[in-house]
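In what comes next, chain A is part of two complexes: it sits with chain B in the first one and with chain C in the second one.
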Partner chain A sequence: MSYLFLHLKREFGFLLRQKYLVVLLLCTFAVSAFAVISGLSEVSQQRETIERLKSADLTERLNVQTQQTDAGMLAYYTFHLTYSAPSNLAFAALGERDIYPWKHRVNLLALEGQIYESDAQNPELAQAGKIDFAFVLSALAPLIVILLFHDLFANERTSGRYDLLVTTSSSYFALWGARILVRFILLLVCLMLPFYGGAYVAGSSIYDVLLITTMCVAYLVFWAALCIWMGKQASSAPRVASALIGIWVLVAFIIPILGDLAINKIVHSPKGGEIVLTQREAVNDAWDLPKQITMDAFVASNPQWKDHVDMQSEFEWKWYYAFQQVGDEKAAELSHAYRDAARKKYQLAGMVSWFSPALLLQRSLTRKAKTDAIAAFRYEHQIRGFHKCLREFYYPWLFIKGEPTKAALNNMPSFSKTILNEKDEPEVIGVQLK
Partner chain B sequence: MSINNVSKVVLIAKDEWRYWLRSKLAVTVLAIGLILTLSSVVVTAITMLELSHTRHELQTTSDKSFVDQPDRHPHRMVHYGHYAFRTPAPLSTLDPGIDAYTGNSIFLEGHRQNSAMFADSRQGTALTKLGSLTPAFIVQTLAPLLLILIGYSGISRERESQTLSYLLSQGTSGVTLIAGKGLALLSVVGLILTPLTVSALFTLGTDESLLAVVSFVVGYALYLTVWVLLILLASSVFSKNSGSFTALAFVWILLCIVMPRVASTTAAIVVPSAGKIETDFAVKADLRKLGDGHNTNDPAFEQFKQSLLKKYNVNSIDELPVNFRGLVASESEAKQTEVLNQFAQQRMQAELKQTQVSRYFGWVSPMVAIRSLSMIVVGTSIETHHRFLRETEQLRFDFVQGLNKVHIEELDYQDDMNRNADAAATKKARVSADNWKILQNFTFHSDSALVRAHRSTSAFLQLLLWIAVLAGGIKFVGKRLL
Partner chain C sequence: MTTSTAINQRSPIEPQRVEQTRNKASNTTQATKNEAVIEVDSLNFSIKNNIILKNLSFSVAAGEVYALLGGNGAGKSSTLKTLLGFNKPNKGSVKVVGKEVSKALDFVRGKTAYLPESATLYPHLTARENVEYFLSLADIKKSDEQINAAFNRVALQQDAWDRNMQTYSKGMRQKTAIALAILREAPIFLLDEPTSGLDPVAIDEFNQLVRELALTGATILMVTHDVYGACQVANRIGLLKNGELVGEFNAPENGRINTEQVHAAFGDYKSRGN
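After this line comes the complex of A and B, so read on.
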């Protein structure tokens, strides 16, 4: 043990005397810390926003309820907040939350006309991308590893010490192993320490932290091994580094880009514009169609209301909401195809990522943190489910009972309750959302 | 510099090229660089032209379907609404900028300002988070790396093989030597920029102005010059090839990979912006004070009613020669729009402020500077999107008020009030489809080249400052070259 310790201590001393290595490690620590701290601040901003929205939403709803009593008017003016709160790991992988919306308000009108509105953040910042721990680890860390490990052997060769060192050292480990280990451990500490701090603050589960640690170590070992293997025979350090950076460019940029091009060629998606146009035409045509046609289409998919669709005047709310739903149903096929295309693309991208460790790690992290496209699809799925709940709540009042009672209004479905109930149904979880 | 010196510089540059062509690494790097640039130019051009074509088509369809609507109650058309599509700027074939990150179509209807829908990035593979095959990305991020790979040893190599002191003692000054190596690297820059320039010149055929094309190409030339100077400096300062390489690789990681993201993250933290949903609550509270334009009995319109009766000198709204419901709709639309615009303006200001903070990082990273410069000059920056929002808002307001005017003048008030009595009454409360022609055809153009060039001034200054500082540094080092 003391043998090992002795060698490590010696190499640690060597490392401290090489200024550029110290600078490199300090920079790594600084960038990692910045990523974690900004991630924590972003997540807490998102949480606060959701809290503010919740209370504003409630005030607004009560406000509408004091002004309107008619079921149709209530349904028209009442918007309902939906949101997707960041997970306890989101600080480490902010993921796609700057592209996909995580907050949305809907009312009882046709959902296809509302759901594509996005309350996105500043697109110019989204285009640059945010720095988060997942990025530091998957994209940046390999470069740091390359800078740390590429010149292990070449450096000694060019300084003419190589042969001397190899012949005089007591064992292979004593010479190279200790040096590699010291560099690796220090790098790991600089990268992971901020993450552990962040995980403690955010209250992430120990299991997740351990899992991510394992992934990180495996990923870094891969890159370090690659560097050492490539550096072993070479005499020119820059040559080794060039090749390694080339591999990194291939893995981080070229393979994903080619994959993206291929996937976009393979998967055809209907244009988003077509969905809303279809929905709008359906909804607007309904005004000019005989009421019976709309009501027949409505009853076909909602037979429980078939005894309540007769109309007394040229305008009734039940007809209005019926044609909204019929509009949704007409656009349903396109809308499904649109969502399926997005899902298919994401799935295929998963296959591409097996060829790019950087992507694989990024995807695994965002999956764990529930900040990836799948989480966004799931949120959209929840919104759709919630909208269905709203219909189930309003329709009895619209079709049969008239003005909703105060007690009924107090028991109006809310998104928080809906997702709480959803957790009991395991089949909704996972990739295969339909 | 005398003629003699100039020819020496050219000679050194030629010799550097000879060295590159002999070395496998340099040739590979050059070939990869050119292939990447060329393919990015071609692929992006095809993608953006397709997008432009699709959006033009959708716009035409949308214009047509509005005009083709049958006879209707005019207010129905207010809610039928209209779609506007943001066609990309001609130069976006070189830098699509934020195009994929913000919705490209917007639904325009009465009483509401909707946000843009269908950002392409939401329908993507998420594979291109780190970089995409666009000329902008290739030249901004990868080209500097390629320059480093072939140029890092320019001077340190001479030093390591002990030819430097030999060269210097033979009368070649340090500055001349560096200039020669620099010229060789600049010729590589020229090679990289050629496909870009050719593609940019093509846009002249599609209404892009020469000023924009020139600023674009000059911007990128300045940016890559910064890197050439950085490489020359590192190569002169470090005594060993490996030192020069490590330092340059480190600087590249910092400036090209880390800084742009630090900039955007910092901006989002320093200037937090409330989302649309959140500001919508405040908008709604303000709008509620204005009254519901569908309801003529809303007390908010009492004063308006009195002023009308006075103006037309009649006793009741039934006697008005025009349709009172239409008047109320028009009046309330105007007032609402005022409030909506005020909030929209605030939101845009906040976004601009955020963007500004991230652009300040151009002083510390030339990559951030060229990124903003490129998007601004091309017309794919946040300002262009704001212009799109403002123009579509004008379009929305014009057609809604046009319809309200039809409502006021063409539709009888009594018919209008009885519209829900029975099917015949509903039919009577309609106006001719000819009125739908009030819709103006919409084509989106980005700001004029002059405005864009003006906006990009500070990014140009950032790059020029970098060049000045680095050139000064090289001169200092060049005189003391050993």
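After this line comes the complex of A and C, so read on.
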């Protein structure tokens, strides 16, 4: 033990005398700390937004209930906040949360338009993404590993010290082992210390922290081993660095970008705007269609209401909400195609990630942090489930009973209760989880 | 010890004569085998199809300074690298303290202090820090007094001991490296072109130091192309040409090898394209 400690201590002192390494490690710590702090801040803002909206949502709902008594009017004016709360690890991997929406206010109107409305926003605004810990780790950390390890052997060779060092050291560990270990440990500390601080603040579980630490160590070991292996083969440090930076650019940027381009070329997906348009056209057209056509279409998918679709007047809320649902059903095919394409893209991206360790790590981290596309699919699935609950709540009042009672309104579905009751099965959203 | 008469002093050297010399050298080696610390026997080493060392045999005994003399590309450094285990022989044996180098690498390196041609230690460390660092690599702990004594012994000026080595001259760097070798207390010294680039005063100091080390019983093998320097310090000189030992000179008792004879022989080899 003291043998190990003595060599590590010597190499630690030796590293501290190399100013560029110290500066590099301090920069690593600063970038990692910045990423963690900005992640915590983003998550904190999202939580605050959710809490604020939840409170406003409740106030507004109660306000509507005091002003409206008719089931149709209540359903029309009562909005419900749905949200995907960030997990305790989301600060480390913000993932797709800036691309896929994590909050929607929905009412009983046609759902597809409400879900895909945001799809018409300018995607370029979300393209740049945020510098989170996952990005620092997967994309920037390899560069730091390269800078730390590429000249481990080559620098000694070009300086003419290699033979002297090798013949002087008592063992391989005494020199290279200790030198590699000290650099690796310090890099790990600089990268992970801010993460541990963030995990403590965010209340992440020990299990998650250990799992992410294991992933990080494995990833950094991969890059360090590659640097050491290539460094041993060559005698010129710049040549080793050039080759390693080439590999880094390839696996961290080129493969993911080309993969993304190829996937988008292979998998054709309807635009969210098309879904919204289809649904809205169906709803608008319904005003001009004979009501029986709408009701027949509605009964075809909701046979339980077939005995209650007769209309007594020119406008009835049940017809209004029936054509909203029929509008959704008209857009259902496109909506399914959209979701199938998104799942297909996600799965293909998974295959691409086997050729890009950076992408693989990022996917693993966002999966663990529940900030990836799967989490977005699940949230969308939850909204659909919640909308179904809303329909089940309102339809009896709209089709049969009339004005809902106060007691019934107290039992109105809420999104948070719905998601608590939902089974967290992966097949629900159609993507196999690993 | 070896006989103390010079052998093979002709120039130019006829092939037949060279062969005889080699036989004599071999006999000499045989005579000292019991005391030999470094034994190189029928060593062959090549890289791809390029023959670097061909049937090379020589030995060095304790307290002896052996200079392997040759021009550029003669195989001098390759011989040292083979002794240090960096090159794997194709044929033949290389033994240090009776152990085959390839089979007892750590043992051999532990017994050997190697001084590379350009002893570039860490420029951002002081001489003392460099020495402490390298000693620590070898699991050796020395006191400040012992390090000071080594610096004094190699005549490294005191005001430089705690100064970063980036300001050092080549001679000062060599002295620091020798101080390190002394502190390692290794019984064997392998010196690669040790006086290359040194000024005459530094060369004299260095030669004096090498002789002192030999008197303490150290085994010293140096490779050089400096005929004069080799004659000043070596008990024996081996002439290397195209990876072959083509001649050997022994110093007379209490005397030095005749520089002119070696120069003549060496000059002849060099003029033949080596």
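Quick note on the criterion: the second predicted complex is superposed on the first by the 414 of 434 C-alpha atoms of A that agree within 3 Å, B and C clash if a C-alpha of one lies under 4 Å from a C-alpha of the other, contacts with A are read in each partner's own complex, and residues count from 1 in each chain.
The rule is simple: a contact is a pair of C-beta atoms (placed from the backbone, for glycine too) under 8 Å apart; a residue touches a chain by one contact, two chains touch by 3 or more.
This one's a predicted model, so the numbers in the text were calculated from it and none came from an experiment.
Colleague: Quick one: chain B and chain C on chain A, clash or fit?
Modeller: Fit: chain B and chain C sit side by side once superposed on chain A.
Colleague: Which angle, to the nearest 10 degrees, do you get at the Cα centre of chain A between the Cα centres of chain B and chain C?
Modeller: 90
Colleague: Would you sort A:Ile212 into first (chain B), second (chain C), both or neither based on which partner it touches?
Modeller: neither
Colleague: Which partner does A:Gln18 contact after superposing on A: first (chain B), second (chain C), both, neither?
Modeller: second
Colleague: Considering only the touch criterion stated at the top, classify A:Ile383 as touching first (chain B), second (chain C), both, or neither.
Modeller: In the superposition, A:Ile383 contacts neither chain B nor chain C.
Colleague: Under the stated touch criterion, name the partner, chain B or chain C, that contacts more residues in chain A.
Modeller: Touching more residues of chain A than the other partner does is B.
Colleague: Which value, in Å, gives the least CA distance between chain B and chain C in the superposed three-chain arrangement?
Modeller: The answer is 12 Å, the least C-alpha separation in the overlay.
Colleague: In the complex, go through chain C and note every residue touching chain A.
Modeller: Residues of chain C touching chain A: 81, 84, 86, 106, 109-110, 112, 114-122, 124-125, 129, 133-134, 136-139, 177, 180, 184.
Colleague: Could you please specify the touching residues of chain B with respect to chain A in the complex?
Modeller: Its residues touching chain A are 25, 29, 43, 54, 58, 61-62, 65, 69-70, 72, 76, 79-81, 83, 85, 97-98, 100-103, 105, 107, 114-119, 121-133, 142, 145, 149, 152-153, 240-242, 244-247, 249-250, 253-254, 257-258, 260-269, 272-278, 280-281, 284, 288, 351, 354-355, 358, 371, 375, 381-382, 385, 419-423, 425-426.
Colleague: Residue numbers of chain A touching chain C in their complex, please.
Modeller: Checking each residue of chain A against chain C gives 3, 6-7, 10, 14, 17-18, 159-161, 163-171, 174-175.
Colleague: What residues on chain A touch chain B, complex-wise?
Modeller: 20, 24, 27, 31, 34-35, 38, 41-42, 45, 49, 52-53, 56-57, 60, 63, 81, 96, 99-100, 103-105, 113, 116-131, 135, 139-140, 143-144, 146-147, 151, 154-155, 158, 236-239, 241-242, 245, 249, 252-253, 256-257, 259-261, 263-264, 269, 271-273, 276-277, 280-281, 284, 287-288, 313-315, 338, 341-342, 345-346, 348-349, 352-353, 358-359, 362, 372-373, 376
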